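Pasting the structures here.
After this come two complexes, each holding chain A, first together with chain B and then together with chain C.
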Partner chain A sequence: MKYLIANSTAEVLEFLKEAGGTASILAGGTDLILDIESGKKKADTLVDVTRIPELKKIEEVDGFLEIGAAATLTEIQKNPLVRKYFPSLAKGCKTVGSSLIQNVATLAGNVITAQPAADAGMALSVLDPRFVLVDEEGTRECGVDEMYAGFGVSTLDSGRTLMTKIKIPLPNKNEAASFQRLELRKSLSLPMLNVAAMASIKDGKFEWVRLRMAPVGKGPVRAAEAEEWLVGKEVSAETFKKAGELALENANPRSNPLRGSKEYRESTLPVMVRRALLEIATQLNVMEG
Partner chain B sequence: MKERLVTTVNGRRIERYVDPSMRLVDFLRDELLLTGTKIGCKQGECGACTIIMNGTAVLSCIMPVMKAMDAEILTIEGLEKDGTLHPIQDEFIKGGAIQCGFCTPGFIMGTKALLDENPSPTSEEVREELSGHICRCTGYKKIEEAVLKAAERLREEKDD
Partner chain C sequence: MTKYVGKNIPRLDGYDKATGRGLYTTDVNLPHMLHAAVLRSPYAHAKVVSIDVSEAEKMDGVVAIATRDNTPRTYFNVTASMILTVPPAKPVLDQQIFPDVVRYIGDEVAAVAAETLEIAKEAIKKIKVVYEELPAVYDVEEAMKDGAPQVQPDFSPGNNLCGGVIKIRQGDVDAAWDEGEVYAEHTMYLPRVKQAQLETHGAVASYNPDGNLKVYSTTQTPYPCKVIIATVFGMPSSYVRVKNPPHVGGGFGVRIGISAKAELIASALSIIAKRPVKYIYSREEDFLASDTRHGGLIKCRLAAKKDGTFVALDAKACMNTGAYATFGPDLVAVLGACGIAGIYGIPNIRYDGHAIYTNQQTAGAFRGYGTPQGTIATEMCVDSIAKQLGMDALELRLKNTTRVGADWWFPYPVKSTYLNECLEQCAESIGWKEKRGKKQTGTIRRGVGIACGTHVSNAAPFCVDYDAAYMRIESDGTLHVASSIPEIGPGVTTGLLQIAAETVGVPLETSRLAYGDTDVGPFDIGSHASRTLYAVGHLFVKIGKELKKQILEWAAKFLYVDVETLDLVDGEIIGSCEKSRLCIKPMPLGELAYEAHLRGKQFLVHGCEVPPNSPPWHAHAAEVEVDMETGMVKVLKVAAAHDVGVAINPVLVEGQIEGAVAMGVGYAIREEMTYEEGKGFYNDSYHKYMLPTMDEMPEIDTIIVDAFDPAGPYGAKGIGECGLVPTAPAIISAVEDAIGIRFYEMPMTPGRVLKKIKEVYGDDLENL
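For the complex of A and B:
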């Protein structure tokens, strides 16, 4: 195996080209190293991108919060801009593995490993993120649904394409987001379920809602039925309850010894949805928590 | 193919040719013979292999050795000074925060990183920050107490 430390985006592309598709980009490596050893993933060359200064930045640019792809979950979670604009993202980043994992793992990696219930990627998924990807052909932007190809499979080929940053549009003052997680213990445990939501509330009614849940399918699954139904509905406990029930229409949780039975998770998912919507309403001072 | 690695471990500059597929914990233990850093799960889930790299607590068992390039690494062996244990080590011993001792180096390095950043943590912060470390003997209470005691002592030493 070869290990190359890149100092610039251009150098990453050069290294990837030289390896002819047999290399893999490495950021925190908390999943990749184990996946290579178990044979789940293959790479003859690792290209370490964590020392590229441009990829470490977290900044506000033209109405977007831009998070460099090599920023660690700890750096993101502690960042004042992230905390100010997207507390639910900070919360999601803070629940991945343990602080020891968060100290090296990245948000970009959390998305690219494409585990269906990756907490940071889930919290991010409802914030309308744009992923900036660079390869030989140039630079392009991609949305959440274009990132996930299957369970643990990204559409991004880490042997050819580099994610450089994640751009999130800054919220308006009548918008807020929430991230909810059901777990056996607070750290080092996979979520049994997680739910993320973002909404705009005007005059006591939902203008729009983005609602996603996992692990109930491939990547962060949209609760499309609930989202559509919620538009124009009054912010109330009854509305949250109905939305929770509707979320089940798009969810297909399987029984899993680590995450709980299908029946249990189908009973608790509506509760998680209710909590997410209530938290948003509370943040926007529409309801009391 | 071996690659050249230059790093600093416990204040000592080290230059070696290493197999880049090696994990950092194996390099520390097998090449540098610093066996104080333990291997528990080798999956990043127990915290036994925790070391400090550039001021941050990290898991050396899931870290490729080349991540140590140009880094400052501190392991449990680097804590005592001229035969005197570090206050954190001392408080773990005095408080009975050690039983079998296997998780202890990881806990102590995690504690060191925590107290370097936050010299006056609350019980809640100690629990949260050390939640990535698993101990199967003590029940954690004595560890939490030892950390708070060590924090107090380090603050006093700083004031003197």
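For the complex of A and C:
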């Protein structure tokens, strides 16, 4: 196996082209290396993108927060801009694996590995992120739903395409986001459930809500029924409750011998949704937590 | 005043461990060493019809393949029970290195030694095995039914009862039962849990064609390990040497005897290859193919008077011991003795213990050795009596605990107990009076609970249990002690050297204990049963005094003074000017020892003894928080009060308690091994097994009560296992206090808890 260290985006594309699709981009490698060892994934060449300066940047640009694809979860959760605009994203990044994992793993990787319960990717999913992708054809932007092809399967072919950065529109004053995690262990453990929400509240009512949940299907699953119903509804405990019940309409959790039965996950998903909405209302000082 | 005993001496292996210099079995690499991998059964129960190794043999780098066809067929037991069972009881020897019938998913079928581990792993895939599947049984209650599939027809013909029914009798339960005025009766269902010690099982065996076999090993009992290896291979015991490297990454009971089959498989391959062979269990193998704690069920009932006096206790345990006996029968005995019969002064006790064979991996020793399970059952009945009588659960316990000189079932006396002090001090720490029984409302509810227990300070006289050791003074006056005990992590080798130096009267700084090697010290049963500091300490006091006497007698002759006028203090011979006609100057022991050396004399003693036994006592109080909507239980605090007699090294005792409480918390609310039929246990790694991490740890208030035991060395008793004995029942009790629901099934995972909450409170949990 070849291990190549790229110094620029152009060099990455060059390496990928040379390998003719048999290479894989490596950032943190916390999943990829294990998958290669266990034979789940194959790659003749690994292209290390962690030393490309532009991929490490976290900055505010024209109304967006831009997070470089090689920025680690630790760098993201500690970044003052992330903490200022998106505390829920910092929270999500902080719950992936353990500190040791977070020191090398990336947010981009958390999306591309496409595990349904990936905490950082979940927290990100409701922030209306745009993923900037580069390949031989050029540069394009993708939304969340275009990224997930299945359980643990991304639409992105990392033998051909490089994610360079994630752009997140900065929130307005009346907007906030939240992230809730139901867990058996704080570290080194996938969640039993996680729920992310973002909403705009005006005059005590929801203007719009983005609500996603996992692991209840492929990637971060949209609670579409709840989202639609919530528009224009008063911010109240009753509203949260109804939204929690509606979220079940789009959720199809499976039983896991360790992380909860289908029945348990269905019982607690509405609770997590309520708590996610309450967290937003609390942040915006509409309700007391 | 003592100079070393009772002091927080930093552990002597601390530097090695903190800097990473310390050698563990996995670090041992010998010239020409091969690496081993093992082929394991994919079936829970099957006859091995044939094994074809021809394809594997052809691979480059494969040096030796071991199967039932070229290894000893000797029956054995991987645990030390093989050599420590007291007649007329006989050990159950139901294991072979590679059996003809595989009895659980993971049972050993063949092993390969190759130039690299990768080649060995590839080679085992090429071994072709024909199996003939047999009916299997997994559940204890199913396995006890007539007509259930037979797991060990040669060893328990007609049923699945391993080693017979273990009976404990005191008084007459049937006759006394009607004297009761209030009764509790419940069944507790307990999970199978794993030791999950940091270092997996492993061995590096080096067979020399001259007949000598040297084995580096992770065992927590080097000497019994050596005897088992010699027996299985039919070698002279004197030719077998077992050595810890010297560090061992935890034991918790999982390697009392040999380390699963690591030493035997590495040795078998080394004998064939005539080269050293290293076999280190993967984490998956360690989780799925070595002893666990026993799960199962315990039916327990308790009769009491209206004033709270306990009249009779009646219990029956049916524990899942898996495919082979290992420690099953011995363990259900301790479950009954310490967990059921020991804690309270009850005139009438009946206990029947059953270790039940099933087609699952073996269950054996795990810190507490049955005592935690028995204690949970007893304490569930005690709490129930308290509730029925409207009596404070603390008061009820204080009234009934075992007292000094009690007429109890055990064959040795209670010379000391400070259990009531433990109960009172942990209750005080948790805020028992203010918090217990306070009505809780809303989503997040808090409660406090309490539980107590006892255990042993070694296994005598229930098992063969003794120690032998040497002590000598080097010609420069320094103390050298030799014992074959291991150091599996508690710091016992530090504590023991404190005792030795204190007793002989020499500086600790220049004293040394050689350990963990059967070529270094004589027989020692090893580290189990919370025994090493207590039992070996007892021996060290005895022979330390003899050594001192020998030194002083020689010194008296050398100095022409009466021996009564001399003492050895801090490495100096001191003369008493009042008692002696000659007032001598203090003489360094080094000078005396060199004078002795010049005259052909080394101060040297040895000893061998069966220790006395002293029950340690302990009580924990826990505070928890329960989320009524998610069923999530959070342990906020555990106040852990222990009667360990005199703590030889208090900070090491605290370490033992804190580590054990972590295990107790996991046992109560998280840890469990889940069996999937056809696949085996789901929990094959740390990722799939919910050990608590530091994030989940509650505040722990460790309380070492002021105590002294007349039998123990310097007044000490055992501690190693005790710290988790009352943890889980205290947490169960606290959950009941918080939400009014008693759990008769563990662990209290969110799913299990929420289900019960819904049964009791209904589905609408938002507005409680």
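Keep this in mind: the second predicted complex is superposed on the first by the 289 of 289 C-alpha atoms of A that agree within 3 Å, B and C clash if a C-alpha of one lies under 4 Å from a C-alpha of the other, contacts with A are read in each partner's own complex, and residues count from 1 in each chain.
What we mean here is this: a residue touches a chain if its C-beta (ideal position, glycine included) is under 8 Å from a C-beta of that chain, and two chains touch if they have at least 3 such contacts.
Keep in mind it's a predicted model, so treat the numbers as computed, not measured.
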{"item": "Which superposed partner A:Thr155 touches (first chain B, second chain C, both, neither)", "value": "neither"}
{"item": "Touched partner set for A:Ser267, first chain B, second chain C, both or neither", "value": "second"}
{"item": "Partner chain in contact with A:Lys186 - chain B first, chain C second, else both or neither", "value": "both"}
{"item": "Partner chain in contact with A:Lys241 - chain B first, chain C second, else both or neither", "value": "second"}
{"item": "First, second, both or neither for A:Thr282, with chain B first and chain C second", "value": "neither"}
{"item": "First (chain B), second (chain C), both or neither touched by A:Val104", "value": "first"}
{"item": "Partner chain(s) touched by A:Pro257 [first = chain B, second = chain C, both, neither]", "value": "second"}
{"item": "Touched partner set for A:Thr9, first chain B, second chain C, both or neither", "value": "neither"}
{"item": "Common interface residues of chain A - those touching chain B in one complex and chain C in the other", "value": "186-188"}
{"item": "Chain A contact footprint on chain C (complex, rising order)", "value": "629-632, 670, 674, 676, 682-683, 686-693, 695-696, 749-751, 754-755, 758, 766"}
{"item": "Chain A partner contacts - residues on chain B that touch it in the complex", "value": "1, 3, 19-21, 23, 43-45, 47, 50, 56-59, 62-64, 66-67, 69, 110, 128-129, 131-134"}
{"item": "Chain A residues touching chain C - in the complex, by the definition given at the top", "value": "182, 184-189, 192, 237, 241, 257-258, 260-261, 263-264, 267-268, 271, 274"}
{"item": "Residue ranges of chain A in contact with chain B within the complex", "value": "1-3, 5, 26, 29-30, 33-34, 46, 48, 50, 74, 97-101, 103-104, 186-188"}
